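Each in structure tokens, the structures are laid out below.
In the two assemblies presented below, subunit A is common to both, partnered first by subunit B and then by subunit C.
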Partner chain A sequence: MLLDYDRLGWLKAALLAFTALVAAFLLLPVVFIVLLSFGSSRWLAFPPPGWTLKWYQELFADPSWIEAALTSARIATMTAILAVTIGLLASFALVRGQFRGREILRGLLLTPMVLPVVVFAIAIYAFFLRLGLGGTTIGFVVAHTVLALPFAIIPMATALEGFDKSIEDAAIVCGASPLQAKLRITLPSIRIGIFSAAIFSFLASWDEVVVAIFMASPTLQTLPVKIWGSLRSDLTPVIAAASSLLVALTLALMIVTALLRRKLQT
Partner chain B sequence: MSVEAQQGIATPRIPAGLGGLLPALILIGLFFVVPVLALLLRSVTDPAPGLQNYAALLGDGTYARVFFNTFLVAAVVTIVTVLVAFPVAWMLAIMPPVLASILFGIIILSMWTNLLTRTYAWMVLLQRTGVINRALMGAGIIDQPLPLINNLTGVTIGMVYIMLPFMILPLVGTLRAIDPMTLRAAALCGASPLAAFRRILLPLSLPGIAAGGLMVFVMSLGYFVTPALLGGTSNMMLAEMIAQMIQSLLNWGLGSAAAFILLVVTMALYALQLRLVGARRTTGGA
Partner chain C sequence: MTQPFLSIRKLRKAFGAFTAVHDVTLDIPKGEFLTFLGPSGSGKSTTLYAIAGFQDPTSGDVLLQDKSLLSVPSHKRNIGMVFQRYTLFPHLSVAENVAFPLRVRRRPEAEVKRKVADMLALVRLENFAERLPAALSGGQQQRVALARALAYDPPILLMDEPLSALDKKLREEIQAEIRRIHRETGVTILYVTHDQEEALHLSDRIALFRDGRIEQIGTGEDLYLRPTTDFVAGFIGNSNFLAAEHLETVGGASTIRLADGALVSGINANGSFAPGQKTRLMIRPEAFRLERSPNNAELSVEIVDVAFYGERRRIVARTSAGQEIDIRPTSAALAAQDVASSHRPVFFDPGAAFLFPA
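For the complex of A and B:
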């Protein structure tokens, strides 16, 4: 009865205890960092001797943190728009196209997800040095779109595979142009896939560290590059404050995703 | 109307053909394939044409240590991740929906939280004067702080933490696809829980374990951030060495060659993983 929750017997207690431990392990760093960001000890003593907001004040008083966050938001937004647009066109072709080598092309487009980022990072770094795109916003957006494309294609192609094409054909039979049918019937039907694609490609850029470390210039730094730099010099609690805000952002994204999914599905 | 409709269906629609792939192919071709090929070219032409970069990498004891270390860390991380993930996935597959959705929420939160944030937390938690050492000393379990960071222990903890969701989530799918009747039948025929686990549950979930484990192994091989922050100088991994060769030593020839070796190993293992997943699909459907 190993796959019957109610008839596991003593095993259930043991497995549940272990699962609870792992859940605690997964939560530990996230909760710890939030608590730490309100602690008053500069030396990260825990439990903290007192509670304070001064690390947040220090964070917001430093324009370089704000600027890095804005840079990241700008690059991630542009990446998401590009990746979803290019990925949507590609998904239609991959799901519906009838041509030879389709599987090979699908594999090629998904390769950036598998290749170690460090290999791509030094390759694109060298390439952009020659083109004069190193340390530019365009360079960042292009490199991040390459990395985000697989995360955009997978949910949209999956949604499209689950969509009954005869509904689109019915609209065309009723007089809609093929483009109209796609815009007004197909796209709204696969909106959950499009929405997931947008979130995943935004996060792929927003959290990207390795390419960013190579591409960053003193005048153009993303948030991960800023955190990386601070981590390598010292473990100041200001990083904890910045990190806690990122955790809050993750939570907000999760809640929005859950709400939208519920709304879109009904 | 009907003529129009027939034309509508008969006209080839642009996104249905190869046309829709064009922007994606241009992007990937120009900014992925070309730069990677250029890098490979550089590995055999910089500083002079020939294979001396590869000879240097494969013939030197220092580099051999880095290769060995990379495989060691990836193997340890994979084994620990599989052992920890299996019971959790097992519970997730069968527990009541409310509990399962809480657990899923925790997993997604940990997975979506910024990578550097998570690594920073482990740096603070594991350091000499960190919470874990203090707690253990406070409880009287140890007298001296344990070296938990800048070594294999630190890298393993940090990497397992990152890889767990990638192992748990696919495994839940595998376990949910197993028909509970097979285990009920085993129990009816008098099999002990241990025998049922060893002879039914484990073999049936093995394809999922193998595919997930291989993915974790491949991802670990090329990981940069966590080993660079939680590992020590004596157990450097390949990705960190590549970054250092390019960034600090400006040795493009050697760095490109090391990157190419990493690429070949990763892609070969990835192809193997695809075959495993494919095999699972065909056997799972039967």
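For the complex of A and C:
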């Protein structure tokens, strides 16, 4: 091959350096936040004059932060369940269905991914205000489910496309009803896709801030909204601590996904 | 024929303007191994799928022991099926794959265990019970699929080109296994293939499909030795077709004139021909003789090429009318002959030649 890595010569070093630069560019802000959350400076000075855990103590001592984190987790979990359920049914329709407008439906379901979030946020805010769903958990979950659907549908539809329908037919000939065949054979066979869909839609809600700002009320705030709000009122390292925890959970979920994928694939 | 076990009545399947199966009628006795043979798109798989319940026929009926199957959904037909593609459940072990049809039937655990062991022994995969399908070769996967399809003692086993994804040597091995399993279980098998050799090896009877109709049905010998149409003659085995003019037919034996002017009588006629009608004479490559025998017809040819094929030789020869023909004498028969690029006569028994319309 023309661009064979082993034959690049001195370009190999240049390529490595460039890759390292890009990786650093992507990772440094996160690393800074984590370092600042352990820094003793009240004013987020860098490099930190000393190290401390007091911002984490402050964070855990403040019930409003805990409340926000629990709210986030609750909404993200419900969003994941709803998005996976709807997304799974939609995936069957998109992959197996033979109906007019299938491609239009696929486009429609994936729009939230390309639509500017703020446009969607304003639209759904106005709509939910009229329905009286603004500032409610249901409103939050419904809005986030719309945003999470593309992330649920893509891995599940891909998994379903890769699953030979003859296998389901074989289960039916063996005596399983069409529903039994799907539950006992098809779903376990595409479980990697379903699992990815659950994680991705959880994360789509967990770190979503724009729609959340419109949906939130003083009594119902998710973690990103709380971070955003605190950032505007007072700049405290507690925010860095909260952000670090947000990143930590996201990272943990990604690692779990990767490990499970590897386990399930063997 | 015994009382029909499975009966296909005027089965028709149309996809829009295209009719895939035209009023196929067929009776299959219990325990028979019947093969649907035919080129792709000939309707053989569609017929099988109608029996399995994956295709609703446009009209006609499928009866099992005089009861119509059409109103019974696929999963309640109690039919076994092995598919063309590998259809083992990827997340279940070999043993659990075979157990699956018994588990959905809620059979007691002891019976499931015993049956799985029996079935794995039948396909000789006892030592693979705990493996996942991905750890098996293609041939092993199809044997497990066979065990799974037979685990619930279905009255009929459908096989849709189950060996087409395997290489030739493996295919022959599993063909032998399928014959043995058919013998040991006595199950009625409907087998679909486009491979005429496979059909000849396996079947009690072959139904040769063409354009949605059964062109001819009979034993392999019937189809090979007594083809009723030139399509059958051309599809099963190798065949030479020589241009010939029909002169007269008396009592099923025709007299014809070949392109080089030679008259041949005593030919099997399929159908009726008018005097002077253009026809085609079919002769199998192995029906040609290199030595003169009584009552044999003679054809003078030029030898173009001789190749050694083990038990037979293959001779490519050209008739004086310029038509190339394929001759396959046994190697021993040829050893005594001098055939190197020469003009010489070859001979054939008119009783082994068949006349078809041009």
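In this text, the second predicted complex is superposed on the first by the 264 of 266 C-alpha atoms of A that agree within 3 Å, B and C clash if a C-alpha of one lies under 4 Å from a C-alpha of the other, contacts with A are read in each partner's own complex, and residues count from 1 in each chain.
As a working rule, a residue touches a chain if its C-beta (ideal position, glycine included) is under 8 Å from a C-beta of that chain, and two chains touch if they have at least 3 such contacts.
As the structure is a prediction and not an experimental result, all values here were calculated from the model.
With both structures placed on the common chain, the touch criterion links A:76 to neither subunit B nor subunit C. With both structures placed on the common chain, the touch criterion links A:92 to subunit B but leaves subunit C unconnected. When both complexes are overlaid on chain A, the residue A:189 reaches subunit C alone and has no touch with subunit B. In the superposition on chain A, contact is made by A:44 with subunit B only, not with subunit C. When the two complexes are overlaid on their common chain A, residue A:156 makes contact with neither subunit B nor subunit C. After overlaying the two complexes on the shared chain, residue contacts for A:169 are found with subunit B and with subunit C alike.
In the superposed model, more residues of subunit A are touched by B than by the other of subunit B and subunit C.
Of the two partner chains, neither subunit B nor subunit C is touched by A:212. In the superposition on chain A, A:220 makes contact with neither subunit B nor subunit C. Judged by the document's definition of touching, subunit A residues 169, 172-178 lie at the interface with subunit B and also at the interface with subunit C. Of all residues in subunit C, only 52, 54, 73-81, 83-91, 100-101, 104-105, 145, 148-149, 152 touch subunit A in the complex they form.
Put simply, subunit B touches subunit A in their complex at residues 1, 4-5, 8-9, 11, 13, 15-25, 27-28, 31-36, 38-39, 42, 84, 87-88, 90-96, 103, 105-110, 112-125, 127, 129-131, 134, 161, 164, 175, 178, 180, 183-184, 187, 193, 196-197, 200-201, 218, 221-225, 229, 239, 242-243, 246-247, 252, 255-256, 259, 262-263, 266-267, 270. Here subunit A touches subunit C in the complex through residues 164, 166-167, 169-178, 180-181, 184-185, 188-189, 191, going by the rule given at the top. If you check the complex, the residues on subunit A that touch subunit B are 1-5, 9, 11, 15-16, 18-19, 22-23, 25-30, 32-33, 36, 43-44, 46, 85-87, 89-90, 92-94, 96-97, 99, 105, 108-109, 111-112, 114-127, 142-143, 145-146, 149, 153, 169, 172-178, 182, 203, 206-207, 209-210, 213-214, 224, 227-228, 231, 235, 239-240, 243, 246-247, 250-251, 253-254.
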